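Scrolling down, you'll hit the structures one after another.
In the two assemblies presented below, chain A is common to both, partnered first by chain B and then by chain C.
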Partner chain A sequence: MTGLLWLASLLLVGLSGLPLLLHRAFAGYPLSTRLVLAGASGAALVSFAMTAAVLLGIPWNVPGLVAAGAVLAAGLRLFLKPALVFAADAPRPPEPGESPRVLAAAALSLIAVGAALGATFAGAATSPDLLFFWGPKAQQFALARTFDAAFMRDEFHQHMHAYYPPLVTNLGAFASMAAGRMSWTGATLTFPLLLVFLAAGLPGALADRLGRAHAAAIAALTIAVISCLGVEADIAGNGEMPLLLFETLAIALLISDAAAEPPTQLIAGILLAGAAATKVEGLPFTISAAALFFLARPRASRPFWPAAGRLILPAAVMLSAWFAFGASRRIFFGYSGYGTLFDLHLDHARVVLAAVGRSLSAAGHALPWLVPLGCVLAALPLTRRWILPVGTAAILTAFFLFTYIHRPEDPSLWISWSAARIFSPVAMLLALAASLGSRGEPRPASP
Partner chain B sequence: MKRDSRLSTLDSRHFFVPLIGAAILVAFTLVSLPWKENLFRRPRTIFDRSAASAVAPGYALVAAAVPLIPAGATVVVRTEPRDPIAETYYHRFADALLPGRRALPASFYGRFAPPEVFRDAAYVLIVGAKPAEPPGRLLLETPEGTVWETPPRR
Partner chain C sequence: MTRLRAVWFAGAAALALFPLWRFFSRPLAEQLRLPITPVDRVDGARARQWRFLAESRPHVPPRASFTVLAADSDVEMALYMMSFGVLQDGVPLPTRYYGNPTPEFGREAKYVLAFDLPEAPEPEDRLRLIARVPGGAVYERTRAQ
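Here is the complex of A and B:
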């Protein structure tokens, strides 16, 4: 019962995003997509409100945090022109034979979510990291109603990575305050819960360019990739699923036709900020996705500076608040590495590549990467937008290899339990890139 | 008309290729679920059928000890026989499952901690066999291990 209450209370953060997503600029999206975008944006805004409250010395309380998130969303809404008409405002009429295809794809997505739910209920997908650091920090912060600096400094809590960005622990603390205590089962169930949200919201985010049937098929592929990886690599309860939710929705928006519209860029920026505030690797993802957007979509991203502000400023503000907390309490001053920067151990290169290969093979025979890669190849030739997902996947891969090759000791064991999880966004990006086939149309590139 | 039919073929391909990809992955995921371990039977712990199932006994014992260990008490989790890797994990479980108590490590980062780090613990949880020398008063015995209250030190 506590688990259900814990999970249900997470829905409250979605309320915070509603003032923004109720703006008519988003009327072109289906209701399910608007609600999911509101939920994800609300989660990022509430997490920021929690960090800001700590900096201001205000103890957390659930209604106050929901209200603070809603005020932030209402403030951001002021940046949207009231009379703005969204490009996708006019719903596309259904094409002949579309509904059965949409239903078939939706059914596959639901089965994939069901598999994730079954594995989580059975105790077959739980990540030890939930117990090692995500959960204990969330629980302690809920008890303290703030970031507990003494807990973070404790010599026996070094394994809890005090510098890890705050969103997962913030939302865990939020749910623990609302439910009255931490629920470990509830935390594991965030994997299927966020996956079903993604299944509900993703097709609508992709449909303006693809049409409903193709969008539903790409969404089904993406959901199946995440479900398979989550079950194989045990991600229930850790930061991977929230990270994938933010990243998937952000990239889906940025490769859509609506990405030329400032409101869509603003929401994508908030989602990228959510990714950057979720895990360390969310920051390179955010930077590369924002930078490659300008390369992949030169016309959609004009004028440059306002678009850059919408995509990057939310992440910059959220992470600045986090690092301001760390520095002001003298707990951390940035992200910790595993050695001196650029002190690479190239003699480990072969070991690293072999260990990564073994780790990905062990996660479903690497099918979660190979299947979407096959779909990308089948969709060739791609539109110029491919630069965004494929380029981000390439940069992330380089970042992970750089990180592994940094460690002075043999990193094989570390890679064996981390690679399949951290490479999961690469698989998701390939699934989304499979939507970028040029469809054989003689249309001029509309980047 | 010719172009329409080509487009239609392309549209079908763009729809069916990812759909088939999704079907392959969903089928693989369903097959990989632990059906043989009675999937629908409620697990004892959240790790029972995961890749980390080896730590399930420690999780079960620490969870069972929650009502026995008062707020503010110090506690250490050991294994019998001693295993520094498992003890490192169980120290972290104690931090997670026993909020408000002070968990002392018997091992830290895969190495045995010096005895003075944890010898003053008021409660000792031992995952595994009952120790030859009882560390105090037995409070609980489960298939996974035992929970002891140590005599107060002077």
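Here is the complex of A and C:
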């Protein structure tokens, strides 16, 4: 029962995003997509409100945080012109036989979510990191109703990784405060819960470019990729699923026709900020996705500076607040590395590549990467938009390999329990890139 | 585009069904057993450690300090890390931290949670057995070290 209450309380953060997503600029999205975008934006904004409250010395309380998130969303709404015409407003005539295809895709997504739910219930997908530090930190912060600086600074709490971005522990603490205590079952069930949200919201985010049937099919592929990966790499309860939720929705928006519209860019910026506030690797994702957007979509990203502000400023503000907390309490001053920067151990390169290969093979015979890669190859040649998802995947891959090669000791063991998880966004990006084939485009697309 | 959609459907079906194939490839009775810990089917050893801590919890009073002992330093570190979550009201003190001995902290603990140790970790005049639990035993220190 506590688990259900814990999970249900997370829906409250979605309320915070509603003032923004109720703006008519988003009327072109289906209701399910608007609600999911509101939930994801609300989660990022409530997390930011929690960090800001700590900086201001205000103890957390659940209604106050929901209200603060809603005020932030209402404030962001002021940046949107009331009379904006949204690209997706133009109704698209249904294709012949569209409904059965949409239903078939929805059924596949449902099976994938069911597999994730079953594995999570069975205790077959739980991340040990939930038990080691995500959960204990969230629990401690909920009890303290703030970031417990003494707890984070303690020399025997180094395994808690004090510098890790705050969103996962913030939302865990939020739910624990609302439910009265931490729920381990509730925390693990965030995996299927966020997956079902993604299944509900993703088709609508892709539909303006692809049409309903194609969007539903590519969404089903993406959901199946994440479900399979999550079960095989044990991501239930850790930061991977929130990270994938933010990243998937952000990239889906940025490769859509609506990405030329400021409101879509603003929501994508908030989602990228959510990713950067979730895990360390969310930051290189955010930077590369924002930068590659300008390369992949030169016309959609004009004028440059306002678009850059919408995509990057939310992440800059959220991470600045986090590092301001760390520095002001003298706990951390940036992300911790594993050695001196550019002190690479190239003699480990072969070991690293072999270990990464083994780790990906152990996660469902690498099918979660190979299947979307096959779909990309089948879709060749791609439109120019491919630069965004494929380029981001390439930069992430380089970043992870750089991180592994950076460590002075043999990184094989570390890679064995981390690679499948951290490479999961690469699989998701390939799945979305598969939708960018240039042959038989359902609708002429602008770059 | 229609051919591509068929490829996406095939890929989605393969990946959606893969975990189910895994599920049905193992004995059904084992698969339908309700888990006791969050990691029952992820890591049996970790599940056993979690259960040990959960069973020890009722024997450690709120706000009491405790230390966790195990023969293997990695196991001891894992138990120490998980103890923050399971015994949230207690005060964990490490006897080893990432394998580095820290006995000056561990011996300050009022309670000792001994995992998989064949006998009491300290002489009997210093420790009182409180309970035997699955995976080990809980002791109370009877006098200052």
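Convention: the second predicted complex is superposed on the first by the 441 of 447 C-alpha atoms of A that agree within 3 Å, B and C clash if a C-alpha of one lies under 4 Å from a C-alpha of the other, contacts with A are read in each partner's own complex, and residues count from 1 in each chain.
What we mean here is this: a residue touches a chain if its C-beta (ideal position, glycine included) is under 8 Å from a C-beta of that chain, and two chains touch if they have at least 3 such contacts.
Owing to the predicted nature of the structure, the values given are computational and were not obtained by experimental measurement.
Aligning the two structures on chain A places chain B and chain C in clashing positions.
By the touch criterion defined above, A:W305 lies against neither chain B nor chain C after alignment on the C-alpha atoms of chain A.
When the two complexes are overlaid on their common chain A, residue A:F342 makes contact with neither chain B nor chain C. Within the superposed three-chain model, A:A125 lies in touch with chain B and with chain C [touch as defined at top]. Within chain A, the residues touching chain B in one complex and chain C in the other are 101, 104-105, 108-109, 111-112, 115-116, 118-119, 121-126, 128, 131-133, 135-136, 139-140, 143, 156, 159, 182, 184-185, 188, 213-214, 217-218, 220-221, 223-225, 227-228, 231-232, 234, 237, 364, 367-368, 371-372, 374-375, 378-379, 434-435, 437, 439-441. Put simply, chain A touches chain C in their complex at residues 101, 104-105, 108-109, 111-112, 115-116, 118-119, 121-126, 128, 130-133, 135-136, 139-140, 143, 156, 158-160, 182, 184-185, 188, 213-214, 217-218, 220-221, 223-225, 227-228, 231-232, 234, 237, 364, 367-368, 371-372, 374-375, 378-379, 434-435, 437, 439-442. Considering their complex, residues 101, 104-105, 108-109, 111-112, 115-116, 118-119, 121-126, 128, 131-133, 135-136, 139-140, 143, 156-157, 159, 182, 184-185, 188, 210-211, 213-214, 217-218, 220-221, 223-225, 227-228, 231-232, 234, 237, 364, 367-368, 371-372, 374-375, 378-379, 431, 434-435, 437, 439-441 of chain A touch chain B. Residues 6-7, 10-11, 13-19, 21-26, 28-30, 32-34, 37, 39-40, 42-43, 45-52, 55-56, 59, 89, 91-93, 95-97, 99-100, 103-105, 108-109 of chain B touch chain A in their complex. Partner chain A is touched in their complex by these residues of chain C: 1-5, 7-9, 11-20, 22-23, 31, 35, 37-43, 46-47, 50, 77-78, 81-82, 84-85, 88, 93-94, 97-98, 102, 105.
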